[in-house]
Amino acid sequence: MPTRIKRIGVLTGGGDCPGINAVLRAVTKTAIHQHEIEVVGIEDGFQGLIENRTRPLTWADVSGILTLGGTILGTNNRSNPLKYHVGDDENGEPIFINAIDKCLETIETQKLDALIVIGGDGTMSCAAPLVEKGVDVIGVPKTIDNDLVGTDLTFGFTTAANTATLSLDRLHSTAASHHRVMVCEVMGRNAGWLALHAGIASGADAILIPEIPFDIDKICEFAESRTTARRGFSIIACAEGARPKGGEQVVARHDPTSADPVRLGGIGAQVGSQIMERTGIETRTTVLGHVVRGGGPIAADRVLASRFGFRALKMLVGGATGRMVVLDGVRLSDVDLLHAANKQRLVPLDHPLINVARAVRTSFGD
Amino acid sequence: MPTRIKRIGVLTGGGDCPGINAVLRAVTKTAIHQHEIEVVGIEDGFQGLIENRTRPLTWADVSGILTLGGTILGTNNRSNPLKYHVGDDENGEPIFINAIDKCLETIETQKLDALIVIGGDGTMSCAAPLVEKGVDVIGVPKTIDNDLVGTDLTFGFTTAANTATLSLDRLHSTAASHHRVMVCEVMGRNAGWLALHAGIASGADAILIPEIPFDIDKICEFAESRTTARRGFSIIACAEGARPKGGEQVVARHDPTSADPVRLGGIGAQVGSQIMERTGIETRTTVLGHVVRGGGPIAADRVLASRFGFRALKMLVGGATGRMVVLDGVRLSDVDLLHAANKQRLVPLDHPLINVARAVRTSFGD
Amino acid sequence: MPTRIKRIGVLTGGGDCPGINAVLRAVTKTAIHQHEIEVVGIEDGFQGLIENRTRPLTWADVSGILTLGGTILGTNNRSNPLKYHVGDDENGEPIFINAIDKCLETIETQKLDALIVIGGDGTMSCAAPLVEKGVDVIGVPKTIDNDLVGTDLTFGFTTAANTATLSLDRLHSTAASHHRVMVCEVMGRNAGWLALHAGIASGADAILIPEIPFDIDKICEFAESRTTARRGFSIIACAEGARPKGGEQVVARHDPTSADPVRLGGIGAQVGSQIMERTGIETRTTVLGHVVRGGGPIAADRVLASRFGFRALKMLVGGATGRMVVLDGVRLSDVDLLHAANKQRLVPLDHPLINVARAVRTSFGD
Amino acid sequence: MPTRIKRIGVLTGGGDCPGINAVLRAVTKTAIHQHEIEVVGIEDGFQGLIENRTRPLTWADVSGILTLGGTILGTNNRSNPLKYHVGDDENGEPIFINAIDKCLETIETQKLDALIVIGGDGTMSCAAPLVEKGVDVIGVPKTIDNDLVGTDLTFGFTTAANTATLSLDRLHSTAASHHRVMVCEVMGRNAGWLALHAGIASGADAILIPEIPFDIDKICEFAESRTTARRGFSIIACAEGARPKGGEQVVARHDPTSADPVRLGGIGAQVGSQIMERTGIETRTTVLGHVVRGGGPIAADRVLASRFGFRALKMLVGGATGRMVVLDGVRLSDVDLLHAANKQRLVPLDHPLINVARAVRTSFGD
């Protein structure tokens, strides 16, 4: 297919996620092999677009990166071109500017005919003004939390759920040997997909997610009923955004603005200490943190990420702009770039997985 | 929901597959916890049903099996009740009988109100006559090859593709260090899904599947073109059912009737030796064999298998019979038990994955 | 070899550790197969010995447990027969009794001719009074921390170091993509072996261990010097017992008596928050906790644990008592049961691994 | 320590092995950081030394390679400088020359003050003539088979044994589910260390190694006795060099000169087919092949390889030459470079591991 596009830029925004490099590889190899399009990598997300920091992505640059975690381009989850931090004023207050023009400058300087942006809700929102200014942009959705509206699945989630599951599996042996309660906190500030999947996959006895506020009394009762039977133990998978009924959300441990160790005891630690205090059962808490989003993608995510990258490039070549690639069942499709903006796909209370979990007697603490 | 069902049997037929135990656990726990239904495990597939070999499946029996590979019930991929081998006649010819009545006897003796059968195409065909006789039966699809018609995915496939991918990853380092061609044969006698997924996920340079007969000249040329560049090497993922253009399929290495070491050199070995002979490039062949279908399921398959088991039990309780649970996009649904009989879901030549693979310059040898 | 021993007991004390089950299997299979000795499993460490809670260990009981983490017998790291907690007095003060006689009663009731105890320093100390009373006892050393005096290596350590390393590997991709500092706290309250091994194996940029008090200024400087180079990032492996020069040890996160979330911020969290505060570099802390001691043993530990179990049984049969099996280079040997009591094998400041780490420019913060 | 050495070359010979890159990293980083020595990488083993193919190894070149399998320098297991193949004569017979002078030329051209050679017995033999000519050479032992004389362990072996064990673990589930015999062939043409370790670690029922010729009748009997018990199955770990009593060794499947598929049925396939033929028990054979030597090193091997690399560099700096680094118990030491030449460390018939295996009723077929 003939295309007017000769040279494109690609950037990765937001938190890192297993499979980003697989997207970059598919975009670049397809561009070079099938369309003789040059690919330019923009460093550190929108910050690199604003600051004109780029480097070519050749065939050799993307060879062997399919299996690597993270992003070879670097990323940045705090640079919004509409509100770009350029320094502080004399009172120490931060000064923000609109840096969209700087982005357009880089696009012109680099002679980019189009842009592929890989990121979450925030990244798509940052890209939208560029579309308005006439830049051809295709988005590729990326979030470890799987809470993006419009797509049934994002790459990286299957890997993250698997990594969390393997850690929960490990906790089983120590919980069983010591007849303990083990609380395992996993990422998920607003949506509980990760805790839900990993909890079901590891056979967790209780799963606490933001969508279902829990009653600590019920959890303690549940743990006690399991411990009464000799050799009983309990595994609790807890999303970092889980919260008690009527209670507020605990300040999350991963809050980038928090440098206060006192606040590092997140909801997992709180649930753990309350169980130990109220029931007297030995309880331990583990916080998986960034371990879950790191590392290389499992096979399924390498395939999905490759499909996403391929599709994004083909859409640009086909003349599309302002769209985001999505997975609809087993097929790829696309939606408006801003379809997912300012929304989150939470776990519905009647979701099949909730029913499956309850059927095998998993408690949600409700 | 009130149900007339008080006691059910469950059996697993065909080759083993990661996730069967997760199905058994979900069926049993849901039955006991939500419906006070007793569950009876039938040993070794239809053979156990014919021979009345069963054992109770209690809560304790299925606790801790979520992560285990294989099936705790045992399986058997050669017992068809319609053609049950009872011995040999005086000339050494096998004598077969119709053993459907024996199955019905066991069902009556064991007081089973319904049956859940976990298996592939063959297992469903064996179950169909029981439905005709008035037995309530729900099928759960299982095949490592992912070639069952009617469902978008079967549990176990994602794990098998991941296991094959990890092995292919390992071959990369030795191929690259020695500048060799490495041929890796994976299961897939008729359908190439496993080789296709693992090939894409591992960045294989060539993928040979039954659906696309290959031209050995083209493969040799391809390997040579890669080797010419210093430090070049090639990884070839080869389905055991791959075959040359115009040629016949090689007798498969895993043919259960073959005890002849000479015939053990399957298509992978043949492709490897031809490349070495024609191009002079050092070539090695590895046959993953049963390693790929063994071991515990990854998280995604544990979840999918749990959903399948839950659904099958709920369908029985809801009064359904003669149906097989399937995955339709992200939702579960069901089809006629015989929907998949005598058919195979092959890789279509215009499947998106084929296009993705070609776009990153993967050769199919065509 | 003829032996007067007909029946032995085996117990596992202290924290769980990958490979305990492999010891149990080797002890039991060797006893049954080569000496027709019956084996009795004592539940939950010395608590089971005091309370006469046991069960037979048959060939079937130990089949298939080689790969399992934890201990099938259960363990308990708080029951000392010399100071056994039997309740509280009227003022709520705990009442302790000497329960050695109860242990001897169980040994007599169960007709045990000898005992194998698998545990750490504490377990060996608990066993010593039994030896004085004439009970044949052989110890098998077990500690995740590898800090037992008298043996070059304990089973489980190689697995734990590998698990920690894999987690540190995962943190690399997120650290590199975000140009962050990642602090990863691993077990090791007094000895830094785990942090040292995992740190070297994962290529950590800094390693903080109890044996080398650190200077937070030097760590901050080090992190800054790495970040100055564009795309720089730092990984810090931190033992939970690491402490600042001149400073006190932070209350450990895993302190079983602590139910206070405020105290859950261990040394890892403190180092992380100080780096972020002083340097302004984005920093994240992960606490691996019990994930590291859980799960099945890797091959090397399965082999070592099997050797230990085999040796312990053979020593009993050979008439030894009051000895602990140890590894001396590549050979097994044995030392007095109390050889390791009240001592800890710390990392010497001139240990070869320290030199190797410094040579590749790893900072110890000193 | 002051040193006259300013610039060294490093090469990797023989088959690839997990951990080579960790050695290269330790050598290079130590050289640069502690001694300001430049490091030159020689490509593809002695072939690169003969052909003067080199490239600098800078800090950046060796950053991030700690975890990678294979060797970034490339290797070659067929180039002997004493018998270097330069072409064929008019009759098609190969012409060999002594290429030691060419090696010396490269050393002079590249201004190399010393050489570190990483390889096995063959590589050390190739290096010896250089020592005679006055070149400073230190060897680092490397073999997947762990059969090098003089060192208790070589890096890579622990990883390979672990990889083989994980595959054997996978075969367990399919063997148990189908009540089959599974034969798994692993590398080891002369020494059975790999089969022995992986066999013990995976709980294999029989282990066949070159050092203990087997009696096929005994193996069949053994498999039958296990199958008689309902649900019995057998796992057989078989070294590629295993051979029947009184029989010859089967031509190995990995023979680089063999391009004949007929000969690809190695000893594993033969044992498998004989068991199936004689006993009628369903039997399957898997050949792990190069999968076992590929992939990244586990933590223990990363540490050992780093120690070896560090030591080799320090020995050069200290003025040593003609020595090979070895592991003696837990300490490093060194032996003459030719100490291991033309010898192999076979498994002694009374090795502790043999006794451990027999004690848990593992058959060696003898």
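Note that the chains are named A, B, C and D in the order they appear, and that numbering of residues resets to 1 at the start of each chain.
Heads up, the rule we're going with is that a contact is a pair of C-beta atoms (placed from the backbone, for glycine too) under 8 Å apart; a residue touches a chain by one contact, two chains touch by 3 or more.
Quantities reported herein were computed from a predicted structural model and do not represent experimental measurements.
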{"item": "Neighbouring chains shared between chain B and chain C, ordered by label", "value": "A, D"}
{"item": "Chain at maximum distance from chain B, centres defined as averaged CA atoms", "value": "C"}
{"item": "Rounded Å distance between chain A and chain C, as computed from the means of their C-alpha atoms", "value": "34"}
{"item": "Where chain A and chain D are represented by their mean Cα positions, the distance between them in whole Å", "value": "41"}
{"item": "Chain C and chain D: spacing of chain centres that average the CA atoms, whole Å", "value": "32"}
{"item": "Where chain C touches two or more other chains at once, by residue number", "value": "169"}
{"item": "Graph class of chain-chain contacts, one of line, ring, star, complete, other", "value": "ring"}
{"item": "Chain pairs in mutual contact under the definition given at the outset", "value": "A-B, A-C, B-D, C-D"}
{"item": "Contact footprint of chain B on chain A as seen in their complex", "value": "25-26, 29-30, 33-34, 64, 66-67, 152-153, 158, 161-162, 164-166, 169, 197-198, 200-203, 298-300, 302-303, 306-307, 310, 328-332, 352-353, 355-356, 359-361"}
{"item": "Contact footprint of chain C on chain A as seen in their complex", "value": "12, 15-16, 18, 20, 44, 68-71, 74-77, 163, 167, 169-174, 176-179, 182, 231, 254, 256, 258-262, 264-265, 269-270, 273, 276-277, 282, 284-296"}
